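Two complexes follow with chain A in common, the first pairing it with chain B and the second with chain C.
Take a look at the complex of A and B:
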């Protein structure tokens, strides 16, 4: 495929070297769905443990509404902000530098923690497959975790087109694997092994009552967490105004289907206590569902699906975290050294390399549910920013002042719904993980003060505003 | 408005800034783990001489437990009886709300001060 050099000479940031504009809508879909689809293969089932299978289904749909709002809001703003950094760049232009610095860190943490979670799952999968093929005593998972992260970082280092084309192929295979196991096990075409009625009767229906439904929202986010990452590709797609809304909205539709099918398959085959225990029970629930189906073909297919989903997600996370880190370096929010573009591969290579050991610290040193929680908390803070961002965007630049590639309907209803669902999710996180929530917000308060009173002095003022927009109303 | 010229930061200063940020991040994420305050572990509720019936499992559930490699009730006991404790204090909830709202209010106010400088320099004073 030929690579376009349309932006080689000068970017909006005045640099002599920019990122390559080589991506299309399919790559945007692959980036968003690739990051998220692993959520169907692992992690979502902690929601079952928090409230039972019905609670996990309700959380799945309410989180689906939350993310539909995220996708619509993001699509409108990002169709006008064609620069790397995604929500970081949006915040910089719409709310202000300190908010942007915080949003940039939310993105880096959400994606780096998710990358670590993917690597942990990959290590588990290799260990399980080794056990199934006769290896005794368990494998040391650490070399596989390190190798996976290093390989994907290398791929990202070498170029965005190859990285996201790789993601497109393996994400499509992982999605097809979910469709296949659904068809093979449901009464629609397959053997009709689904046992929802018996597995969800009596105490198993809502073991914690309505409080369990609220609690399940915590891990309900995991079904879709990361779809907002499509915006990170804004500086590398050929037609941002068309490709980004198309790829993002197609992505959320794909995920709504995949999440509902995943819940249906797994809760129809496994008791909720096993399914909801993502540490000692169903670490990779779709893989467990394939094992319980008794079909070795499905076991291999879902094993490959799990492997590909974890790789695609970690790959997309490296891509997105590095773009956010790179963008902050380019604006001097972080040392400018991180804002460099590789002279040959045209990738943010220093940011890619710098984040590798950070991901490894967490992949090798923290348990899966904690890593997931760290990622969810960063994501949740980011989703809380989005409705504020959207309302300010429409206020400062009404529809007649900037041409949007996409205008989301029913404003401000999606923003209000998103804020309400975020509030519910904060309460869900508070039920059990309140300490992490407070620790994380304490961290953001400290770094905000550090940025405002120290770091911001190294930032040029007007140069941060790179979009060709008119003066915002009220300023 | 006069154009703001930022000072040039030394290489050592840049390295120190990155180290500060990494130490703060790793500390915030690992501190609850090191202090044993992280997350809510499920706690099993012991049942004497457990049977599938006493654990509330119907025949279909038992069949699926067997397929998953749990041949008897004792082997699945800990997993079946483990429960989260969702009790909480309203004071803690109020503290959490104040911290979250206070954080966002602080951020929007500081951001607005910085944003006004950016706009004034970019578009000129009104």
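Take a look at the complex of A and C:
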């Protein structure tokens, strides 16, 4: 077996084959925003259906506060835990193994289900394009669903730099498409076709009252779901303490702008009854807005934007799910076989391969709304862990014990706000998907019991803590 | 049968190609390198070399 010096890291611990540190802050931005931006192109408008356009705007901003707290908390903790696995690794160091196992599963399921949802959407988009070009009888969507997953898995397998550079380009195009349609339709530069006053007055202002606002919070998450995925790049960025907070915080700012502009454009062009029906009405509201504008250039641009946003999201999800799975394998929380790194491409190749058939099964065999609900609920459970994690982190390792790349302000206010907003969102989700919520919590309880009574005996307890942290205060 | 039907077949073919590329490389790597080498990655190794966190009034590390 021939090996060059570039294949291995020579470290104080001997030789090891690790992931490559080749990413910069722009890639971190592309990873976070890339996963999320599809939520601006489709899905968020179900919030309009739940409570009208004003309810969707309030949900957009409250969810924006929730995710700003997530981004700030993640930025501080991850700037000190520069390892793959993101919140899983944070939980392992700060809370304990059972929480870490659960958080790892939340991450893998949230991202793999979202990847499956994106692939289903991509198949639908290709079918729509075929219909628009005169194809009759509908298209078999399966080959396009499978191709999306296989191509992106191959790209991820071949290396993280190419994968996230690809994400950077297509995410930037999708974001610029939103800015372009805003400029073209708003009174600032364009024709000023907005009809907010007519479309949002009287009964249309808040059709279901304050309960509608609460119900809209469920789909308010769509505007930002996945920004926390930036932390999975921690082991592959050149300067984690600088790049991760910079990329994550720039990402949430981008999304706050994109979400508000998207709401403004769509609610000013479509009545809430049509906009809020994401199945038979505005399936892809920004694309529908482009069609209403009458500009064929905008229709093309937003069509491409929708396609790119979907691809970028699936791509980022493969990246993040595989890093979480790989980290759990490396720590023996799962079979160590999954903790392998490709000696040439330096990617967690077995984790990438293992998750491909799982994504395919869900993409080809499960309905979109169930797949997405499973993803949202797994994400929400992960957000609930974050405030607990943050409070324990500051208590065990105060500011003067570990050097942070970023210190989030007003602690513990963001952690408390995040917990309060998570509680509101649980109630909102319970209103619409109570059975799924209970079934999923039941699932995580069962796997926790399996981990506690069986799997934990295989974990090498000392080996999993290799970060050069000081002892926690009080220990 | 129109262009879109041919595109469907093309998508199946490309999917199979990407799958094949991954599987061939996977087998090649797993048969060329030892399991020890492939699973030798350790968390935080780079940081262990470059960073030292100090406790206030002490220097204990985990």
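Just so we're on the same page, the second predicted complex is superposed on the first by the 461 of 475 C-alpha atoms of A that agree within 3 Å, B and C clash if a C-alpha of one lies under 4 Å from a C-alpha of the other, contacts with A are read in each partner's own complex, and residues count from 1 in each chain.
One rule holds for everything that comes next: a contact is a pair of C-beta atoms (placed from the backbone, for glycine too) under 8 Å apart; a residue touches a chain by one contact, two chains touch by 3 or more.
Here the structure is a predicted model, which means the values were calculated and not measured.
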Task: Joint occupancy of chain A by chain B and chain C, clash or fit - done: fit
Open item on the list: For A:464, using the defined touch cut-off, is the partner it touches chain B, chain C, both, or neither? Pick first, second, both or neither.
Closed with: both
Open item on the list: Taking the superposition on A as described, I'd like to know which of chain B and chain C A:435 touches: first, second, both or neither.
Closed with: first
Open item on the list: After the superposition on A, what does A:337 contact: first (chain B), second (chain C), both or neither?
Closed with: both
Open item on the list: Quick check for you: in the superposed arrangement, does A:277 touch first (chain B), second (chain C), both or neither?
Closed with: first
Task: Contacts of A:388 with chain B and chain C, given as first, second, both or neither - done: first
TODO: Examine A:132 and indicate which partner it touches, taking first as chain B and second as chain C; both and neither are also allowed.
DONE: neither
Task: Dominant toucher of chain A (residue count), chain B or chain C - done: B
Open item on the list: Rounded to the nearest 10 degrees, how wide is the angle at the Cα centre of chain A between the Cα centres of chain B and chain C?
Closed with: 110
Task: Touched partner set for A:269, first chain B, second chain C, both or neither - done: first
Task: Least Cα gap, in Å, left between chain B and chain C after the two complexes are fitted on chain A - done: 5
Open item on the list: Based on the A-chain superposition described above, do chain B and chain C contact any of the same residues on chain A, and if so which?
Closed with: 336-337, 464-465, 471
Task: For the chain B and chain A complex, residues of the former touching the latter - done: 3-4, 6-7, 9, 14-15, 17-18, 20-22, 24-33, 37-40, 42, 56-61, 64-65, 67-68, 76, 79-80, 82-84, 86, 88, 92-93, 95-96, 99-100, 103-104, 106-108, 110-119, 121-123, 126
Task: chain A residues touching chain B - in the complex, by the definition given at the top - done: 49-50, 95-100, 102, 105, 109, 195, 198-199, 201-204, 207-208, 211-212, 215, 269-271, 273-274, 277, 280-281, 288, 292, 294, 332, 334-337, 358, 361-362, 365-366, 369-370, 373-374, 384, 388, 426-427, 430-448, 450, 452, 455-462, 464-465, 471-472, 475
Open item on the list: Which residues of chain C touch chain A once you look at their complex with the stated criterion?
Closed with: 2, 4, 8-9, 11-12, 14-15, 18-19, 21-22, 25-26, 29, 32-35, 37-49, 51-56, 58, 60-62
Open item on the list: Applying the document's contact rule, which stretches of chain A touch chain C when the two form their complex?
Closed with: 1, 3, 8-9, 11-13, 15-19, 21, 82-85, 89, 130, 133, 135, 139-140, 143-144, 146-147, 150-151, 153-154, 157, 235, 327, 330-331, 336-337, 339-344, 349-350, 353, 356, 400-403, 464-471
